[in-house]
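Structure first, then comments.
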Amino acid sequence: MLHEILFFFFAAGCVAGAINLLAQKHPINSALSLIVVMASLAGLFLLMGAEFVGAIQVIIYAGAIMVLFVFVIMLLNAGIEEHTKGSKIAIILGVPGAAVVATLITWILLRTETSNTPISIGQLHGTGADIGRLLFGPFLLPFEVTSVLVLIAIMGAVVLARREDA
Amino acid sequence: MKELISFSNHNILTVITFLPFAGALLLMLFPRRDRDIKWFALLISVLTFLASLHLPWHYSYVTSGFQYEQNIPWISTPNIHYHMGADGISLWLVVLTTFLVPLSVLISWTSIKERVKEFFILMLILETAMIGVFVSLDLFQFYFFWEATLIPMALLIGMYGHERRIYAAVKFFLYTMVASVFLLASIIWLYVHSATNWSGPTFDFVELQQRIQAGQIAGFGHAAQWLFLGFFIAFAVKVPLFPFHTWLPDAHVEAPTAGSVLLAGVLLKMGVYGLLRFNLGLFPEAARRNAPWIITLAIIGIIYGALVALVQPNMKKLIAYSSVSHLGFCVLGIFSFTAMGVSGSVYQMLNHGVSTGGLFMLLGMIYERRHTYDIKQYGGLATPMPVFATFFLVITLASAGLPMLNGFVGEFLVLSGAFQARMIYGILAASGVIWGAYYLLWLYQRVFYGEVTVQANNTLRDLNARERLSLWPLAVMSLVMGVVPMLFLRQINPAVQAALAPFSNGVNAAAPNARHILQVLAQVIGR
Amino acid sequence: MIPLSYYLVLSAFLFICGVLGFLIKRNIITIFMSIELMLNAVNLTFVAYATELKSLSGHIFVFFVMVVAAAESAVGLGIIIAVFRSRETLNVDRVNLLKL
Amino acid sequence: MSTQVLTSIPTVDYIRILPEIVLGIFGIIVMMADAFIPQQDSKKPLGYLAFIGMVVALLATLCQARFPGIYDPTNGTGFFGMVRVDSFSLFFHVLIALIAMAVILMSFEYMEVQRMRSGEYYGIILLAALGMMLMSSAVELVMIFIALEISSIGSYVLAAMRRRVAESAESSLKYFLLGSFATAFFLYGVALIFGATGSTNVYTIAGAIRAMSPVPPMIYLAVALMFIGLGFKVAAAPFHIWTPDVYEGSPSPIVALMSTGPKAAAFAVLLRVLFAMDAPGWFWIVWVSAALSMTIGNIGALVQTNVKRLLAYSSIAHAGYLLVAFAAARDSGISAAIFYTATYAAMNVGAFAIVSHFANANEKYVNLSDYAGLGRRSPILAAILTVFLLSLIGIPITGGFFAKFYVFTSALQSHLVGLTIIGVINSAVGAYYYLRVIVYMYMRDEREEVPVARMPFGLAVALAMCLVFTIYMGVLPNQFIGYALRSAHDLVR
Amino acid sequence: MDQNLNLWIIPLLPLAGAAINGLLGKRFPNKLVATIALFFTACSFGYFCYVASLFSHLTQIPHIESYGTWMQAGSFHVEFGAYLDQLTMIMLGVVTGVGFLIHVYSVGYMAHEGGYYRFFAYLNLFMFFMLTLVLGSSYLLMFVGWEGVGLASYLLIGFFFRKNSAAQAGKKAFITNRIGDFGFLIGLFLIIQHWGTLQYDSVFQAVSGYGVETHAGLFTAIGICLLIGACGKSAQIPLYVWLPDAMEGPTPVSALIHAATMVTAGVYMVTRSNSIFSRSPHAMLVVACIGAATALFAATMGITQTDIKRVLAYSTISQLGYMFLACGVGAYTAGVFHLMTHAFFKALLFLSAGSVIHAVGGEQDMRNMGGLRKYIPWTFWVMTAATIAIAGIPPFAGFFSKDEILWKTFSSESLRPVVGAGFNKFLWLIGIITAGMTSFYMFRQWFMTFFGEYRGAKHDHEADHGHAAPAHDDHGHGTPHESPAIMIAPLVVLAILSFCGGWVGIHNKFDGYLSPVTKIQVANTPAAEEAVMPGEKAPAEESGSNTELILMITSVGVALIGFGLAWYLYKAHPEKPAAIVKSLGGLYTTVANKYYVDEFYGATIVKPILLLSTKVFWKGVDVTLIDGALNGSAAGAQETSQGVRRMQSGNIRSYAGWVAVGAAVVIGYMVYVGVAR
């Protein structure tokens, strides 16, 4: 029962955050909504026993990444977004397209039998230790390669942020 | 000695084909000293011509099929061979090519003043490609050379042409390009479906012909009509057959003289050659089925081209339209499926190369002096330029099909062949003879006769030695081809017989009634 | 017991919210946040499936997605700063020098 | 699972990622060396270093090829099934290394002319190349995703490298936002396929899909989502929309890289996903996408006056031709696609090399009208560009011809007559706009104010590479197509 | 086996002359040019005489020589060869003989013209082709000569090429001939189609198996096709229009080509093909009708002409009509006989007309002549002989041949299968009327030229006179003067021939000589003998000769009436014609304007064709339809391209929108496949 309550609580948080993200005019509000979504997701992760993932969801996403976002919003002094009508296509084609996509995905997800499998706490424990074993075992190579990804991101960020002197 | 001849017989086609290309490569290394470049280009092209004389010289009358064959694997996937070979038809077309190129070099001697090096490089590359088209027996290789002619020619038009050169070059390029992709698709289809139980797919013309005749190609029955059309459209545009001809006047008017000469003299022949070699050779049934409307188009082309030529105010355009008319004869002859018609058609190709090539050279000479092709700008030229007038007259008459000059033999045989196939073909097409005389003589009258009307024409100088040198061979050839056609027909005839072998029974084409045309159309649409 | 489909549909909803955000938001940063939302939605799917399949590689995937998201956000925000520097705007409708 | 942890990694596995290791090391060296070069100095030494790195990576790849057992068919996978070295991956490794080498070479001059001082430029190229290489050898979706991101992020950054130009930042932004957008779709697809099969390894998934009967719609949905993501990366219609803008704004050498390297790698992934993974149901999607790409690319290019934009549209069209080979499937189709990728890389890199040479400071001269009379002022370069353009048209004796030829041959072998006809008509239409460039170069009167610089050595080498390759593929494609066939065999084995 | 006569020498000699003069003549002095031209022509004539001397010794006639294959395709082949029989002999004689005389005349006539070498080269070239025409052993060689003489005619008519009218006339001649040649070609194709060859011997051999057609069939078709060719060359209705214009050429040319030789090629062809024509009464009928109609029609126009050469031109057409009439009624020999005599007197007429023109300094309008008798007595006398000859007054040559034709027209039975005997009488009537008219206009010309007072101005108006031959200005003559001896000499020879050339026809000698050529075997007609060999043997010999005598007297009478009328109107009462003209009004204008035939052709054929070509074909089909469609599709592609461009709005959100739509489609399809399968 608690499980259900928690699920619906976090799910409601996700949904509300996502809708608010869309609804808010000021980016900082959107960013805060996104943090709500992420935090709720972390809750959902924990609900499914994904401890490690839930933790880093908070640390990396809600913590690091969103802080970066907020920082940049502040840095660039972004105000309330103007309501420009730059794109009719996005509204006329894009939104119906997205709606179609949503409908189709949902439909398929719902009609697949496996989807009805109940998920309960403790089915799978994604503890740090297990994850670590995997990361340094079969997923060693991706893990190591991630360093390259980070490296390239750092170099890119440096290049982009640096002022080019004439 | 015998080994030497056998060796040279084996390699001669390669030598002829790639000698100009080698020359072009060497030319690239030349410093930009125009004089040396011209002489070198002339030397190469003359050497090629001399080498090509080997072909008729050592032609064997006892063996049938292709001669001077060379067949070595080139690419294994797909199975492409480097397969050279010539029969009586391609042999003379090769000689025609090598004959016209030195003359084109001569005619360009002073008219090309800028980017001389590029000009002659392009011309020699073009020669290689043109020869390659005629001697390729591998369909892929054929297409390879076929496309390769496109670029140098388009560049020659576009770089050295007149005011609307770009339009003309692009039109020429696109027209032929669009058409030849269908050729490519058809060739690939043939290749893909040519595999048999005991041998892999092939591009080899001879091999394909055998497999088609033996019915070994899967799905050929259904596809034949489409393949035929795919080949046909590419060749018909090149010929050019009405209504695909509109690129030709533009291309000719804008092209530099040498470009026009080679365009009319050789490139158009590639289309007719293709029709004869491939459309007839590979799809005899479809050819017979489609002959009525193709002949109809050819006849329309003959009359239509002549009538439009009649009213052109621009000399070069006039000759261009006359080409439409003349090439109509060639197509007509081929699709008459009679020995006379086809031999005549091949002969007409050679004739047209000589006489129309000559006309374009003459127009080039006058253009060099006055920089206009407008007929109104001329009149009375026979007074200041009698030698020019004489040459022009000879070539004009040759083009008009005067007996004892070359045009007659071809026209006569074609018309006679067409007449045998179906009386009305011959009668309608023969009316082209009247128009031919009309527009050519009218042109001649307006340009050469009467008093000199434009002051600038009074001081025109007559032809110089170089120009005469470039015209003499044509005039002589016109006469020789008119008087001793057997020199050429001896080798053409067996090849024509071979080409017509699948048509030997029930030679006559079906009646060209409206119902038949509708049937063909329905077939085309219905698929 | 919450069926798997609840998670999946929730995830799909979030994903589409991200897509819609991309389509209707004008501020570049918000658009970028929409993308993050999409990635988060995918993460939810991964975790849900991982639980269902009792396979930890789903978690691993989420881990990598996060790393990638972090890297992307570093670079992405750098790009946004660069754009802001040159155009003095964050409105995506005004960033259209390149067109046609 | 715990036993796996204990299993030590065999040495041979390191050889399986040897080129990547080399590139990683050289990337770091370049990055660190950057610190020792004063800000205002030319970064050319870094370029040399990067070039050497690429050469070493190339040698490493060749070393891989020589190493016994490494790409032995049964035992090609390493790192717990993360990467697989086979003819297919080797092919793309070599291709990407060569592309990167050419791009580095042409960048020397470009950096000078554009007064770009970022040493990271070369480092990022190296690391991005690493990502691309890894894409071609990765057989695990995690690995593929990360590699894809490495190459993408590298491309995003490189696209923004023209720091003085607003367009560059904008193109980077567009690339980045839309790229991430598409990546999200890809990722979603991965998630679904993971959910449906319980695996992220391409070959395991293939096995699972084969075992399933009927294949659940979920798989189809997942394949659709993955196709959206990858279709975006290869610029296939209808996901091509970013291409012209991004290509126009990015630095020319980077466009050369972007339009070939990541694209080739993405095609490799697409090949893996569609064929090795045995993805179902995609035939008509690819068919339509191919037809659309060809048509939109060629039609769109007709009226372009900016050469880079024109080549961008052309790249959409070429993606379409490539997809024709995909639709044809079978060994011949796959090998045709592989062949096409390589040939397209050669001619396109060559074309962009010349474009970047002519572009001059701030890429001022990239309009068609700036090319007027080039044939006279710079005959050699114009001639070389002509060769590339002719190859792009598909004229014989150039590689482009054989590339198209193989594609259409395979299409006809699979009885795709309709697609073939659309293809050949398109290649005829496409001739027009390439020809327009040639027309401008040779047939229009020159504009004196457009300067023509001398051809620097680096560019010459890069051009020579591309030219030789283009012609070689056009005259003797034998060996190459043979290799492509073998790769195709390896891929689906 | 007969000896090889090397007949090729006969045509090749003039060709050699033409080649030498044409290629090198420009640097030669006029004397040398003339010598070369005369030498080769004379040699040709001489060789002909040599052949003639051997002719009677030949065992086999026709004597056929072959020199090798000209062309071959499939089973069809044509040889270079010579075909020598009596007909050929006559034609060779006329061509080389008269040709030589006219060459001689030209030496004097053309002495002061520019392009002397050109003239003689052309003239020799003409000889070559004409000899090829008559000597060739196949229809194709005949066609070669046929077209070749057309070329020579074109060149020579346009000899004064600076004159637009001359150039125009040359072109007109060539093209009108081409129209005829078109028919000829079709005829040849028919022959090839049925007998696979064009060699005379093979064709005639093949033909001999057929009988006379009772209904129009193959032979009629061939015959009419050949006839179209003959109409073109021999200036018959409806293709006669070129001949009057051809008078723009130098007068010797008119004499040689447009009177004596080339224009008679049609008659030669019909005669040569008699075995074909004789098998088709229908074709014969057409030949006869065209001949008769042309004879009459041209004669009416001749009456109104005032240009001395044009009168002769129409007279030529009219006389050719006579010959066709003869051939049409099966009297080939009569036709050829008239051909020969006509060659003599018409050449003479032209040459003396030339002499007159020469005398009065290029003037050709008879209204500006008169009284020339005193100034140029030689010319006067030879012209008198010729005029009497053409008028058909015995014992001059024209009388014999013309009388023969009229008699055969009256009596022939070869048309009997298609028309009744009355039709022959009708044709005869036309013939006799024409004869009267001929006599009238010829004497009119004679009177107008030589009698009365000299009406010519003093030649100072030369510059503004359209018809003036340009090069006579250097004479500066105030009064008409006689031509030099070199011109008079050929005239005298021709005058003698005109006088006595007809005597060979007495007692049907000529007929007998030619009969082997025209005698053919027709398988299925019992009456064939008499039908096709009229005069050879007549069942009612006595009554026939009585009728013949009556007809003879009638024709002479008519000729005399014509003379009398001419005398009355143009000698006795020179003011009368004007009054008559006035009274005739529109009729006269119509006839004087040649029935407006040229205008009619121009308005109904030439103009519409040019208009059609320009407006419909060129501007319509080519530019608008085909290129329009192409440019339209190109523009369409550009439009589409602009559309594709507009997709590229530059807005990221729009791009995302496209991606979303694409995604929706892709996902939609895949889901459809996944679920539906």
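First chain written, first letter: the chains are A, B, C, D and E, and each begins at residue 1.
The rule is simple: contacts are C-beta pairs under 8 Å (C-beta built on N, C-alpha and C of every residue); 3 or more make two chains touch, one makes a residue touch a chain.
This structure is a prediction, so every number in the text was calculated from the model and none was measured.
Trainee: Which chains make contact with subunit A and with subunit D at once?
Mentor: C, E
Trainee: What is the set of chains touching both subunit B and subunit C?
Mentor: D, E
Trainee: As a test of understanding: of all chains, whose mean C-alpha position lies farthest from that of subunit E?
Mentor: A
Trainee: Which chain would you call central, comparing Cα centres to the global Cα centre?
Mentor: Of all chains shown, the one whose C-alpha centroid lies nearest the global centroid is B.
Trainee: Which two chains does the highest number of contacting C-beta pairs join?
Mentor: Top-ranked chain pair by contacting C-beta pairs: A-C.
Trainee: What whole-Å value do you get for the distance between subunit B and subunit E if each is reduced to the mean of its CA atoms?
Mentor: The computed centroid separation for subunit B versus subunit E comes out at 37 Å.
Trainee: Which integer distance in Å separates the CA centroid of subunit C from that of subunit D?
Mentor: Once rounded, the distance between the two centres reads 26 Å.
Trainee: So how far apart, in whole Å, are subunit B and subunit D when each is placed at the average of its C-alpha atoms?
Mentor: 43
Trainee: For subunit A and subunit C, let me know how many angstrom lie between their CA-based centres, rounded off.
Mentor: About 6 Å separates the centre of subunit A from that of subunit C.
Trainee: Please output the residue numbers of subunit B that touch at least 2 other chains, ranges allowed.
Mentor: Residues: none.
Trainee: Pull out every residue in subunit D that's touching 2 or more other chains.
Mentor: Touching at least two other chains: 142, 146, 149, 153, 156-157, 160, 163, 173-174, 177, 181, 195, 216-218, 221, 244-245, 429.
Trainee: Could you pull out the residues of subunit C that touch at least 2 other chains?
Mentor: Residue numbers touching two or more other chains: 8, 15, 18-19, 22-24, 26, 31-32, 48, 52, 55, 57, 60, 64, 68, 71-72, 75, 78-80, 82, 92-93, 95-99.
Trainee: On the basis of the stated criterion, which chains touch which? Give every pair.
Mentor: Per the contact definition above, the touching pairs are A-C, A-D, A-E, B-D, B-E, C-D, C-E, D-E.
Trainee: Which subunit E residues qualify as touching subunit B in the complex?
Mentor: On the subunit E side, the touching residues are 68-76, 140, 143-144, 147-148, 151, 154, 158, 161-164, 166-168, 170-171, 174-175, 178-179, 181-182, 185-186, 188-190, 192-193, 609-610, 612-614, 617-618, 621-622, 625-627, 630.
Trainee: Which subunit D residues qualify as touching subunit A in the complex?
Mentor: Contacts found on subunit D: 1-2, 4-5, 7, 9, 17, 20, 24, 27-28, 31, 39, 79-83, 117-118, 120-121, 123-124, 127-128, 130-131, 134, 140, 142-143, 146-147, 149-150, 153-154, 156-157, 160-161, 163-164, 195-196, 216-218, 221.
Trainee: Taking the complex as given, what residues does subunit E use to touch subunit A?
Mentor: Going by the criterion above, the answer is residues 649, 651, 653-654, 656-658, 660-664, 667-668, 671, 674-675.
Trainee: With touch defined as at the start, can you tell me which subunit D residues reach subunit E in the complex?
Mentor: For subunit D paired with subunit E, touching residues are 173-174, 177-178, 181-182, 185, 214-221, 223-225, 227-228, 231-232, 237-239, 241-242, 244-245, 280-282, 284-285, 296, 299-304, 429.
Trainee: What residues on subunit C touch subunit E, complex-wise?
Mentor: 19, 22-24, 26, 31, 92-93, 95-100
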